[in-house]
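Below is one structure, written out as structure tokens; comments come after it.
Labels run A, B, C and D following the written order; every chain starts at residue 1.
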Amino acid sequence: MTTDETGNSGSSLVPGLAAVALFVVMAVAIVQSSFGTAVAFPEGESIVAHIGYAMFDLQGDMGTIASEGFLAAFLIIAIGLDVAVDGALFLAKREEEGSIVALLTDGGRELLDTAEATTAATAEEASMETDTPDSTDTTEGSR
Amino acid sequence: MAFEYVPAIVLLPFLSFLIALFAGKYLPKGGALAGIAATAGSLLLSIWAFLTVRSQGAYQETIYTWASGFGEQPWELTFGVLIDPLSAMMLVIVTLIATLVHVFSLGYMNDEGETGLPRYYAGLGLFTASMLGFVVADNLLMAFMFFELVGLCSYLLIGFSFREDGPPSAAKKAFLVTRFGDYFFLIGVVAVFATFGTAAFAGAESFPVLAEEAVAGDVTVNTFGFDPTTWFTIVGLLMLGGVVGKSAQFPLHTWLPDAMEGPTPVSALIHAATMVAAGVYLVARMYGFYAVSPTALAIIAFIGGFTALFAATMGVVKREIKQVLAYSTISQYGYMMLALGAGGYVAATFHLMTHAFFKALLFLGAGSVIIAMHHNENMWDMGGLKDKMPVTYWTFLAGSLALAGIFPFSGFWSKDEVLYEALIHGLGGSPLLLGAYAMGLLAVPVTAFYTFRMVYLTFHGEPRSDTARDPEPVRWNVKFPLTVLGVLAVTAGLVNMVPVQKVLGLEGIDYLHQWLDQSFDPLTAHHYAEVSPYSSGYIGGEATTVLVGAAVSLGLALGGLLLATQLYNVAEPTEHTAKLGAIKDVLYNNYYQDEFQVWIANRTRAVASVADTFDQGVVDGVVNGVSSVSLFSGSRIRRIQTGVVTNYAALLTLGLTALLLAFGLLGGWFL
Amino acid sequence: MVPAQYYLLLSAAVFCIGLFGVLTRDNALYFLMSVELMLNAANINFVAFSLFWGNLTGQTFALFVIALAAAEVAIGIGIILVLYRNFGSVSVTDAATMRW
Amino acid sequence: MIIEALIAFTFAAALFTFAVPNKYAGKTAFALSLVPIAGSLYMWSAFESGGNALTGGEIAFETVIPWLEIAGIQVQWFVGVDGISLPLVVLTTFLATLSIVSAWTPIDDRQSQFYGLMLFMEANLLGVFTALDFFLWFIFWEAVLVPMYFLIGVWGGPRRKYAAIKFFVYTNIASLAMFIGFMALVFGLGPSTFGLPEITQALANDQLGAWFGLAPETLKLIAFLALFVGFAVKVPVVPVHTWLPDAHVEAPTPVSIMLAGVLLKMGTYALLRFNFTMLPDQASLLAIPIAIVAVVSVIYGAMLALAQTDLKRIVAYSSVSSMGYVILGLIAFTEFGVGGATFQMVAHGLISGLMFMSVGVIYNATHTRIVSDMSGMADRMPVAVGILVAGAFAYMGLPLMAGFAGEFFIFAGSFDSTLLPYAPIFTALAMFGIVIVAGYLLLAMQRTLFGPFRLETDYEITPAPMHEIAPMAVLLLAIIALGVAPEVFLEMIFDAVGPILDNGGGL
């Protein structure tokens, strides 16, 4: 399974059977189960407004529909999102030579190669030095 | 009064051990003087104790409680001294010979420029202390402890020249063979504790007394389901193992000739006069215990008689002077065992005493010869030393006459009494004893023969090597001990002239008999005679029997002597061993006893290496097998970690499905 | 009112469709989409039971899940980019060096 | 309070030593380890024996502080000593210091960590011998393994990883068996605390109920077997002994000293505390199999020692042999048997410590331990060899040295045993070990120490330095002192052993 489908994308449907099986099991269980009568929301209240209250821990003061307070969760998620975006940028910005991620996956071989290449380069031609800062500038500029 | 100083008899040599060990290299003579002072002090104290026993009777005191039990095993494991005629006499013998050997060592070790003198004198001091501790012991456990320490000192002193190959090997053999005997002895000691709850030699609650009463049915002891006599025989024979080992009796005698690798004074002190005597002394010490068991006594007598003859035959063909003496030692201790087994408690003690003197004398004389011969021990390289070292010659001759049992030297009296006891008790209805007596009697001419073969080869005829032509002179420190011992070897027999008493009807010249009767009640000679299972029988009358016995043994001894004179008292003696034919090889090889024991040792090691292979292969193999099974299965199971995330997801899904199914089926979700 | 089982069935179906995608595809971008489906399956349950119990917590939580999904996509895309850079493809089967 | 102070100080000393620069670590650890010695000596001098701690006797230096609650059972900080554990505490502190000194020469790398781990191990060992709450005791018991694992695995010989893992896994699996066995008892009893005295007395009063469908007697038997297997590995007895020679051969000298001197005693100590004190009836039920195990350990271990060519392996296998005597003494269930076994634990700790130390000193000079690689060492290192010879004789059970005392008490006690059928025969068989031990030690000494000097490795041999001789001399003196005056420990041991015999031991 792992070997023969490296080239083309997603040919084997066999593992999908597991998902089907899971669905069957869950469906049978769900169908067999019974729930009591639903409580539902009171008529006439604005659900969206109450979500707003819950978000900022105002549900006790303003609302009538029961809910937890989510201010802390809201702030944490906000920070989480920020981190995620920063992380995404961090991952995306790395290009060629000597990226940390590359090092992690190749066991440091590239760093070694780069180091050798750098020494070789400095020894042979000093004019290349001008190119390297250039490329760095470009990367920073893209940020 | 004197008895309060008895511990000092033991401690003085111990002190000299400490001095020699730690300060020996800073002292003149390497600690010899401290040793001489200490042993001489012990000698004086021993003589004092001896005289006090004579005037005040025996003495026993517990000095130190080593360990004490409680509850069901309320055993008191103690150290104490028991000074009775037997131990007082032994104390004097041991301290006297130890002192003389120390003096002799000045000539043998110091003058010869040996290295490691502090170690040597430390060993001698520790040995003397241990031996004296053994002699004064008032219970079996203490005796066993010092018995073992004596073995240690023997090991250290035999292996004195540890830079060579021979001595360490001989030392190992000596310790190992005697340890094998001590193994049985230790079982015996433990059994005595388990049986009687005490191991005291003397007193109303001592184990020989309890054994006697148990046989009579007066007390009950734990005999482990056996009949009392049977059980005491078993225990007695177990303890006999230690005796056989230390006193070099067949079949554990093989270590003693090898032990001649040690310095000659050590051979004199340890392997002739004292340590080897420990075994015999031990049997004498608890003779009351053996006396209740006829079977044990018969076995002792038989072992003794057999060893006496067996060892004597091997002495006939030896080339080295010390080897001859070694085999004669084994043989003579055989006589003592014969006497003990034959109910001759006094006879054995008597022979123990005279033998200590004349054998120490012979070894020291041999040491003197060895100094003169520049440490060449081969008798075939000697000859003609008679004129060059007269003191050595005459004293050595006195010792030889005593050893050969020639009237009126000391050995005659004691050996004659041994044979007499065996004879009368054998005639009294113990045919087994007569067999042992016959072997003892046969050994007499052999002894006389090899003794005088040795004397003639060493001192008579023409010198057969350059060193023998120009021997190194010996000093006073060699001659003095020889002279003292020479006098004793000639005269010691006079303390117990039983034949004279019996034939002439003189009363009261059997001093040793009277002396040994002065002990605590159940430890007296005549009590042993009463307890022992033998009755006496005579040829004609008592005096006739004495005369016949003495005449036969003296005649045989003279016969052996004459044969030796015939063959070897010539200017150019030649080896006559070829006449023995095939027996010669057997004798040279000591009846292949050594080979047999080496074979046993090798078998043991072969078994050990099989066990090792088994351990490495099977026992450890199972352990490693378990580990490799888990390692192997681990290496297979880890293949699940393919690194492909889809597979992990599939496994997760299947796992979740299976889990849901299981819960659902158990929880009835699907009904 | 619609019985709760229907919502659950729907949610299970959506989840299993997402799972099916994860199991059968090896393009990492499909993964992102499939995971999105699975998260939304959870959201359906949140909202459904929020209504069922008359409690707003579920609905609010669904909002957070949506926010988390956004973060996940952001990171996911970044990871896919790095994946592509290192292995020259976006196939998850190629990135199989962390095994055994 | 003194016990907590002792353990806490030793832990602190371990931490401190970790922080000390390598150069000074050895001396620092030595100086710090003198404090536990002083503490244990104080305990010894202030100790007044009052029976067995487990059977309701007086517990000296006792502290009980509630700590946790697990499944409704109270876990306590419960420490104290009695006549059985105090000698082992003294042994531990002494051997730890001496082994630290003996490490000065061979350990030349990461010293601060080495000595820190040694002290850490010492603290845990003190805990093992003083803890009287099962949970607490088990924590110390397991925590001993960790420093040992690193000490073998980091500073060991060429196959150190194999040896360390084998040691750790083997003993850990054994601990698991032991833990399960004990927990079965605990759940059957339902005690209010994990305190060992409470559990012991509850068992003695037949309070054990059925658990998991098992009758009390079956439960006891299962627990006994599980505990026995668990501790037997630690002791070790044949056939679960094979980790020991590997661990010894690879471990550096000071670690071997602790391993043979103290760690093995944990097994016999626990056997005495758990199997023979708590479940005496089961012990008498299984007397013959246990005696067979003991005798086989003695003879088989000695035979294996005879076949070895590595000095350390010889001593290692002889430990198996000596520990067999201890088992024999325990199963005898007599005063001298059990008391002698306890005494032998201390005696063997000192003697095997001395032997490993001596072999280590020879190794430091020659860099080989193979018998055939050398001879005549006595010529070059007279003092060290002299002490080695003395130690070897102590091992052979020379009277007036500690080994003889222990062995004699055991033999005398087991010969007289009423509980063990055929006791005299078992005893006589086991005693044959004293002949074999003499055989292999004398053989090895003759080959390595005596004869003309010869050495296969290229090292200049000089007499051993003072700091190598001194600990050996101290040990030798201690051995002789104990051999001459065994009463110093024997009295308190007997006092603590008596109640065990009253408690049961007869069917």
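Keep in mind that, in the parts below, a residue touches a chain if its C-beta (ideal position, glycine included) is under 8 Å from a C-beta of that chain, and two chains touch if they have at least 3 such contacts.
Just so we're clear, the structure is a prediction, and the values are computed from it rather than from any experiment.
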Contact-graph distance - origin chain C, target chain D
2
If a chain touches chain A and chain D alike, it appears here:
B
B-C compared against A-C, more contacting pairs
A-C
Rounded Å distance between chain B and chain C, as computed from the means of their C-alpha atoms:
94
Which whole number of Å gives the spacing of the CA centres of chain A and chain C?
11
Rounded to the nearest whole Å, what is the centre-to-centre distance of chain A and chain B, using the mean of the C-alpha atoms as each centre?
91
Averaging only over C-alpha atoms, locate the centres of chain B and chain D and give their separation in whole Å.
37
Note the residues in chain A that touch 2 or more other chains, in rising order.
2, 15, 18-19, 22, 26, 33
Could you say which residues in chain B touch two or more other chains, in rising order?
642, 644, 646, 649-650, 653
Touching two or more other chains in chain D are residues none
Pick one for the touching-chains graph, please: line, ring, star, complete, other.
other
Which chains are in touch, pair by pair?
A-B, A-C, B-C, B-D
Residues of chain B touching chain C in their complex?
638-639, 641-646, 649-650, 653
Can you list the chain A residues touching chain C in their complex?
2, 5-6, 9-10, 12-13, 15-16, 18-20, 22-23, 26-27, 30-31, 33-35, 38-42, 47, 50-51, 54-55, 59, 63, 65-68, 70, 73-74, 77, 80-81, 83-85, 87-92, 94-95, 99, 101-102, 105-106
As the complex stands, chain D meets chain B at residues 166, 169-170, 238-239, 241-243, 300, 303-304, 306-308, 334-336, 376, 378-379, 393, 396, 398-400, 404-405, 408-409, 411-413, 415-416, 424, 427-428, 431-432, 434-436, 438-439, 442-443, 445-446, 449-453, 484-487, 490, 494, 498, 501
Given the complex, residues on chain B that touch chain D span 65-73, 75, 141, 144-146, 148-149, 152, 159, 162-165, 167-169, 171-172, 175-176, 179-180, 183, 186-187, 190-191, 193-194, 222, 224, 601, 604-605, 607-609, 611-612, 615, 619-620, 623, 627
Give every residue of chain B touching chain A within the complex, in rising order.
642, 644, 646-647, 649-650, 653-654, 656-657, 660-661, 664, 669-671
